[in-house]
Amino acid sequence: MARYIVRRLLTMLLTMILVSMLVFAIVEIAPGNVARNILGAYATPEQEASMSRQLGLTRPVSIRYISWLFGSDWQAKGEIGLPMAQIISEQGLVKNAREWWAVAPNGEHLQWTVEEGKLYKLVLLADGNTEKILDESSWKAGEDGDEYFWGVDTANRAAKWVKGSKDIEYRLDYSGWVESTGAPVEYIPLSKGLIRGDAGVSLRYQAPVSEVIGRRILNSFILAALAIVVSIPTAVILGLIAGLNEGKLIDRIISIGGLITAGSPDFATGILLIMVFAIWLKVLPGAAVFTSADALWKNPNLLVLPVLTASLVEIGYVLRITRSSVVEVMNSPYVRTAILKGLTYRQVVTRHVLRNAMMAPITVIMLHVNWFIGGLVVVESVFGYPGLGSFILNAALFKDVYSIEAGAMVLILLAVGTQLIADLIYSLVNPRIRYS
Amino acid sequence: MATENISMTKSTSRFVLTLRGIWKGLQELAELIFASPTAVIGLVVVLAWVFVAIFAPLITTYSPLEQDYKNINQKPTAAHVLGTDNLGRDVWTRVAYGARTILSLGPISVFVAFLIGLALGLPAGYYQGWVDELIMRILDALMAFPTILLYMIIISAVGASPFNVVIAIAIGGAPGIARLVRALTMDIRTREYVAAAKLRGDSDIMIMLREILPNSRGPLIVDFLLRIGYAAFYIGTLGFLGLGLPPPTPDWGGMVQEGHGRMSANIWPVLSATMAIVTLVIGLNMFADGLREESMRYQ
Amino acid sequence: MDDSSPILSVKNLAVTYKTRKRDIDAVRDVSFDIYRGENLGLVGESGCGKSTAAYSIVNFLGPNGRVKSGEILFKGEQLRNRSEADLRKLRGADISMVYQEPMSALNPSMQIRDQLAESLIAHRGFNQKDAFAESLEALRKVYMPDAEGVMQRYPHQLSGGQQQRVLIAMAMLNNPSLLIMDEPTTALDVTVEAAVLDLIAELQKKYNTATLYISHNLGVVARVSDKVAVMYAGEIVELAPTREIFHNPMHPYTMGLMRCLPDVDAPKGTRTLHPIEGRVPSPANLPAGCIFAPRCQHAEPECLAGHPHLKEISPGHQVRCFRAWDWTAVKENWKTEDLVPLKESCPDRNGNTEENVLNVKNAKVYYPVPFKTVGGLFGMEKRSYVRASDDVSFSVKRGRTLGIVGESGCGKSTIAKAIVGLEPLFGGQIDFLNVDVSKPLNKRGIDTIRDLQMVFQDPNGVLNPSYSVGDQIAFSLRRFGTVPPDQIRAEVERLLQAVKLDESYYNRLPRQLSGGEKQRVGIARAISTNPAMVVCDEPVSALDVSVQAAVLNLLLEIQNTRNTTMILISHDLSSVRFFADEVAVMYLGHIMEIGSCESIFQPPNHPYTTALLAAVPRADPDAPHSNIRLSGHVPSAVKPPSGCKFNTRCPFKIGAICEQEEPSKRDMGAGHLIYCHLTPEDLKNKII
C-alpha cells in the first residue's frame, strides 16, 4: 500500500514535469512572440529586439524553462558573485512590488545603473530611499579586452554592462517609450521560479501573479467545494434509485434528466438558469461580481446560481455512471448468491450492492475531475465570478503569459492532486488493491 | 502483363470486399439505431439541424451579416421569426448559418483527432513495452489538462480561427481516442486470429490495419459519434468564452457571448443560440448513447 | 414427513422466457423426484436448459423468465407462486445452492467470514460472535486448510478450489434439506475437481442431503450421482439410476453422448469416436415431432411426426423415445460397434521413420515480472521472472503426435507458442526440420513459418469476425503463393471439404458458424499451407462433447492422410490418449515424465501422472477410483520450490532429498523418462 502511494506520487511528479514542459512550450515557444504580445502591433523591430533581450527571450529555451520553474537568482549569483535578496518595497508605482537586490558582504543591499557610460552603485537606505555612488572601480577585464560588469539593475534583472557600449535600451513606461544608451548586453530576468512561489509579474494587473492568484484560488475552491457537496450525494442517490428500478418509469425519468443535464454545455445551463431565476422570476442575482472581498459572506445568494450550474452537469454525469454500475452489480453472480442466501432486498442492497457499485463511479469521477474543473472555468465566466478559471480566461484573452502559465500550473496541480486523492480513496474501498 | 492482371484482380476483389463490408456495416448500424428509441429521437434532432445547415440560404431571407440599424433588438415578428440582435441582424438567419459552422468544424476536428489517436494508440497497444510507456506518459500529461484549459492556452497562443479551433479540439480529443484505441488493441492482439495472421508472416502494420482496426470499429464508431457531441459542446463553449471564431462569423457560442450582457433588454439572440446548442448537443449525445447501449446489449 | 416421500418433486415443469419477438419455452415437461440422501445428476450439453430448470426451483429466473406451468413441490408444499418473503425463508436455509464460477459468486469486497455469517444471522438470528464461530466450524467441515486465516481473507486471496469450498460451506451452514449444485467443479482443474468431488460425496453421505447436481460431464455425474436425468433441448429424454443409465442407456442421445467420449483407457488407433451429427436446436426453433429426431441415426417416419412422452420401461428407468422397446437388437452392441480400428488404415506406427521433425533442447520461456518498487526502474531491484517453461526438452518424430498434458499454468501452452514463434525463447534451442528456429516469427524464414502451423483453443477467437470464412483461408494461400491466384477459390473449397464443410461456407461470416464449425475452419486454415507440423493448443476443450469427437476424428484423419506431425496440448488425458503416440507430462514449467502413451498411462509412472490419472472422472460408475489426491495448490512460477518442483504436493514424497535436489532423469527404457527420486520399484507400487 505504501509502495503504491509512493508509486502514484512519482507518476504524478513525472506527469507534472511533462505538463510544465507542455505549458511552457505552448505559451512561450508557440508562434506569436511574447514580446510582440506585450508591445502590440506598432513597435519597431529595434524596440522589439531590445524588449526580447530584456525579457530574457534570447536565452536558450532550456535555460528559460529552468529559470521559469526554479528561478534565475542562483544563476545571477554565479555571475555577480553576491547573494541575491528579494524585498518588498512600499515605494514605486506597483503596490507591494518585489525588488531584487544584491547583498554585499557588509549587509548592504545593492543595485547598479550605468548613466552616460559611468557605472553607479545604488545602496538601499533604511528609509527605503537609495544612495547613488559612482562605482567605476568595479569594472572587470574581460577576456577579449573589454571591460564588463555583472550586477543587478533597477528593473529586477541581472545585467551585464560593457564599458563604452552604445546599445540602446527601450523600455515601455507609463508615459510611453523610454530610451537609454549604454544598455546591458545581456539580461537575466530575476525570479525565484514557479516552484518557489514566484510566478512573475502579471502584465495585466501589474502585480505579482502569486498575489493576485491566491484570492482567486480561494474563491474557486468555495465554488467547487459547494458544487461537489451538492452534486455528488444527489447524483449518487438518484443513480442508485434509477439503477435499482432498472427499466421502470422512475428510471426512465432520472436517466433522461441525467442525459439532458450532462449533455448541455455549462454555459448554456448557466444562461438558461439566469433567464429563469434572474430575469424572469427575479429571485436570484444573475451575476456574481464581487463588490468587496467579503461579498460572499454578506450575500451568499451570489453563489446559488453558479453552484447550481456547476452541479447540474456533474449530477447528470455521475448519476448515469452510478446507475449503470448499480445495474451491473445487481446482475452480478455474487448478488445472485446474496439473494439466494435468503437475505432481504434491503440487506442485499446495503451489504452487497452499495459498496461494489460505488467502486466504478469513484474511478470514473476521478477521471472526470478535469471535466469538472473545465466546467468551473466556464461557470465563473458566465457569472463573472472572480475565481481561478475566469482569471486564466482573462489572462488568455489578454495574452498575459505569466498569469496563464501560473494559473494553468495551479489548475492542473489541483486536478492531478484531486485524482491522486480519489485514487487513494478507491484503493481503500477496493480490497484487491489494498492487499496487493 | 500477367502480374499486372493478377494485381488488378487482387485490388478489385479487395475493393468489392470493402464495399460489401461497408454495406453490411451500414445495415447493422441501421438495425441498431432503430432498435433504440433514444437513438432514433437523437438522430431526428441531429438530422433536423443538418437539414437547416445544408439549406440555410433557402430557409432564410436575410444574410447572416446583414445589419439593419432601424430594426435592432426586435422581438419575434413575422419578418424576423426569432427577432433581431443589437445590430439588427436576423437571429434565425444567424442560428441557421451557425449550424453550418458547428456541424462542419465538429466532425472535421473529430476526424483529425481520430487520425492522431489511431496513429498513437495502435502502436502503443500493439507493441507495448517502452513504445507504450513513452506514448502513454505524453498522453497522461496531455490528459492532466482540463480540456477547456488546454483549449484556452492553445487558442491564446495561436489565435482564434477555424483552423486553430480544429487543431485545438483535435489535440484535446486525441489522447482519449488513443487510450481507447490502445485498450481495444491490447484486447484484440491477444485474439487467436491475430496469432494466425502472425503465423502467415504478416507484417505488424498489416496486422494492425487488417486484423485489429476492423474489429475495433464498433466501439470506435460509437466513440466517434459521442465525440462529435463533445466537439459541438466545446466549439460552443469556446465561442462563448470569446476564444472561438472571430466575429462577425455566425457562431452559436459567440452569439450567446455577445448577447449575454444585454439579456434583460433582449433575450432572443441568447435564448435562440442557447437552445440551438443544447438541442444539437443533446441530440448527438442521445444518438450516440442509444447506439452504445443497444450495441452493448448485443454482446 | 417421512423418508418415503420425496424432498423435491418437480412435475411437468415448463419455463418460458420473454424475448423481443415472442415467448420461448426454454424448459418443457420436466419431471423428477429427489429423496432424502439422494443425488440426482442433471446432465446435458450447453444450452439444454439444465440451469434454467434448477433456478426455477428457487424462482430465480431473472426479469424475463417465469414458470409457465407444472408443479414444484418441496417437502410436499407447492413452491410455485409463493411470495418473495416466503421463498426468502427457504433460500439459503432449507434450499441452498453452489455455483459454477466460485470467484464471481463471492462478493469481492467482503471478508469470507462476513459472507458466511450473514446467512446464519439472517436465518437463525445468531449474534455475530456465534455466527463467526459457527462459520469457522463450517469451514473446518469442508477441510479448509488454515480455516481461521481464510475467515479474514477476501475472495481474490483464495485459490479456485478454496473458493468453491467456501461456497459449499456456505450452502451447508443451515443444514439444508435440498442442495442445488450448478456445475460446481467445471471451472476447476482436474486434480482440484477430484478433491471437491470427494468432499461432495462425503458430505452427501454424512448429512443425507438431497442434491440436484448439474453437470455437462458424464464422468463427474457417474462419480457423485445416484440417479441421472439427461436433458436435451429443454426436455428430459432419459432418467434412470446411475448404473442403469451407464450400462443400459435407452435413448439414442444418451448413447450418443457416451459413444463420443474418448476413453482414457483406450490407446490410440484402437477406436474411433462417434460424434452426434448436427447441433442442438435452439429452443426458439424446435423441430416438430421428437426433438432429437433430426440428429438421430435410428429415426423413423413416426419420430418426425409425433412427440414422444417420458415412459417408464423398467422400474425407475424412464425414456422419451418411440423406439426404445423395439430396437434391443440395435442396442446390443451399442458400445462395441465400430470398436474396430479406424476406417482409414492407420499408418504403421512402429515401422515409421525415426526422423525427428522437431527437437526442443532445454527450452526456457520466462516472462519478466513488472518491477514492484520504484528502485526497480533504476536497476536497484533484481529482476524476477515467471518461469512459464523451464528447461523443457523433447523431440517429435515425423507423422506422430506428441501430447503435452498438465493442469492450467503448467506451461504447456507457453512451450507450444514458443515452438511456433509466438513467444520469444529465453534460453535453450529449438530445431525444426534441422533448422534452428530459436527465434521469433519475424526472424524466421517464410518456409519455416509455412511448415509450422497452429490450431487454436477458443473457437470464438480463432476467426477474424470481419472477414468471410473463404477470405480468411485465402489470405494464407495468397501469402504463401500455395496455388496460382486463379485457383484460390477452388483450393479453399477443397480445404473446406477436407474439414467436412461444404462450399456454401465460403461466403459465411464467422458469427454464422457454430463453435465446432469455426474450429474446423481454423484447422482448414492451418493445413492450407500443407505444413509439416501442426501444433494444436487445446483444440477441443471449449467445445461440447458431441462436437469434440468430430474435431478429434478430423485431426486424426488429417494426420493419417497427410502424415502430418502434430503436438496436442491438452488438459484432458482422454483426448491425449485418443490422439497421442507420445506424452509429456508438465508441472510448473517442467517436464515430469515423457514417454510413449502406453508407458505413461500405467505404472511405473511419475507420482504426478498417477495423481492426474486418479483424478480423471470416468464415465463408468463401477470404475475403481483411486484415493490418491493432491493437497495444496500449485506454487508460484516466480519462486518455484527448490528441489523437485512437485515436492510441495507430492503424496509420495520421501523426504529432504525431494526438497533439496532436483531429480535427474530416470530412463525406464524405450525413451520413457521420469524425473523423480523414487526408485523404479517404488514408482511401480506406489504406497502412500
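Labels for the chains are A, B and C, by order of writing; each one numbers its residues from 1.
In the analysis below, a residue touches a chain if its C-beta (ideal position, glycine included) is under 8 Å from a C-beta of that chain, and two chains touch if they have at least 3 such contacts.
As the structure is a prediction and not an experimental result, all values here were calculated from the model.
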Chain contact graph, described as a line, ring, star, complete graph or other shape: complete
Closest chain to the centre of mass proxy, which here is the mean CA position: B
Mean-CA-position distance for subunit C and subunit A (Å): 59
Centre-to-centre distance between subunit B and subunit A (centres being mean Cα positions), rounded to whole Å: 29
Centre-to-centre distance between subunit C and subunit B (centres being mean Cα positions), rounded to whole Å: 48
Interfacial residue positions of subunit C with respect to subunit B in the complex: 417, 420-422, 441-442, 446, 449, 452-454, 456-458, 461-467, 471-472, 475-476, 478-480, 485, 522, 525, 529
Subunit A-touching residues of subunit B, taken from the complex the two chains share: 137-138, 140-149, 152-159, 229, 233, 236-237, 240-243, 253, 256, 260, 263-264, 267, 270-271, 274, 277-278, 281-282, 285-286, 289
Subunit B residues touching subunit C - in the complex, by the definition given at the top: 6, 9-10, 17, 21, 191-193, 195-202, 211, 214-215, 217
Footprint of subunit C on subunit A - complex, ascending: 3, 6-7, 10, 247, 332-334, 336-345, 347, 351-352, 355-356, 359, 429-432, 435
List of subunit C residues in touch with subunit A within their complex: 58, 60, 63, 84, 88-93, 96-97, 99, 101, 104-110, 118-119, 122-123, 154, 156-157, 167, 170, 372-374
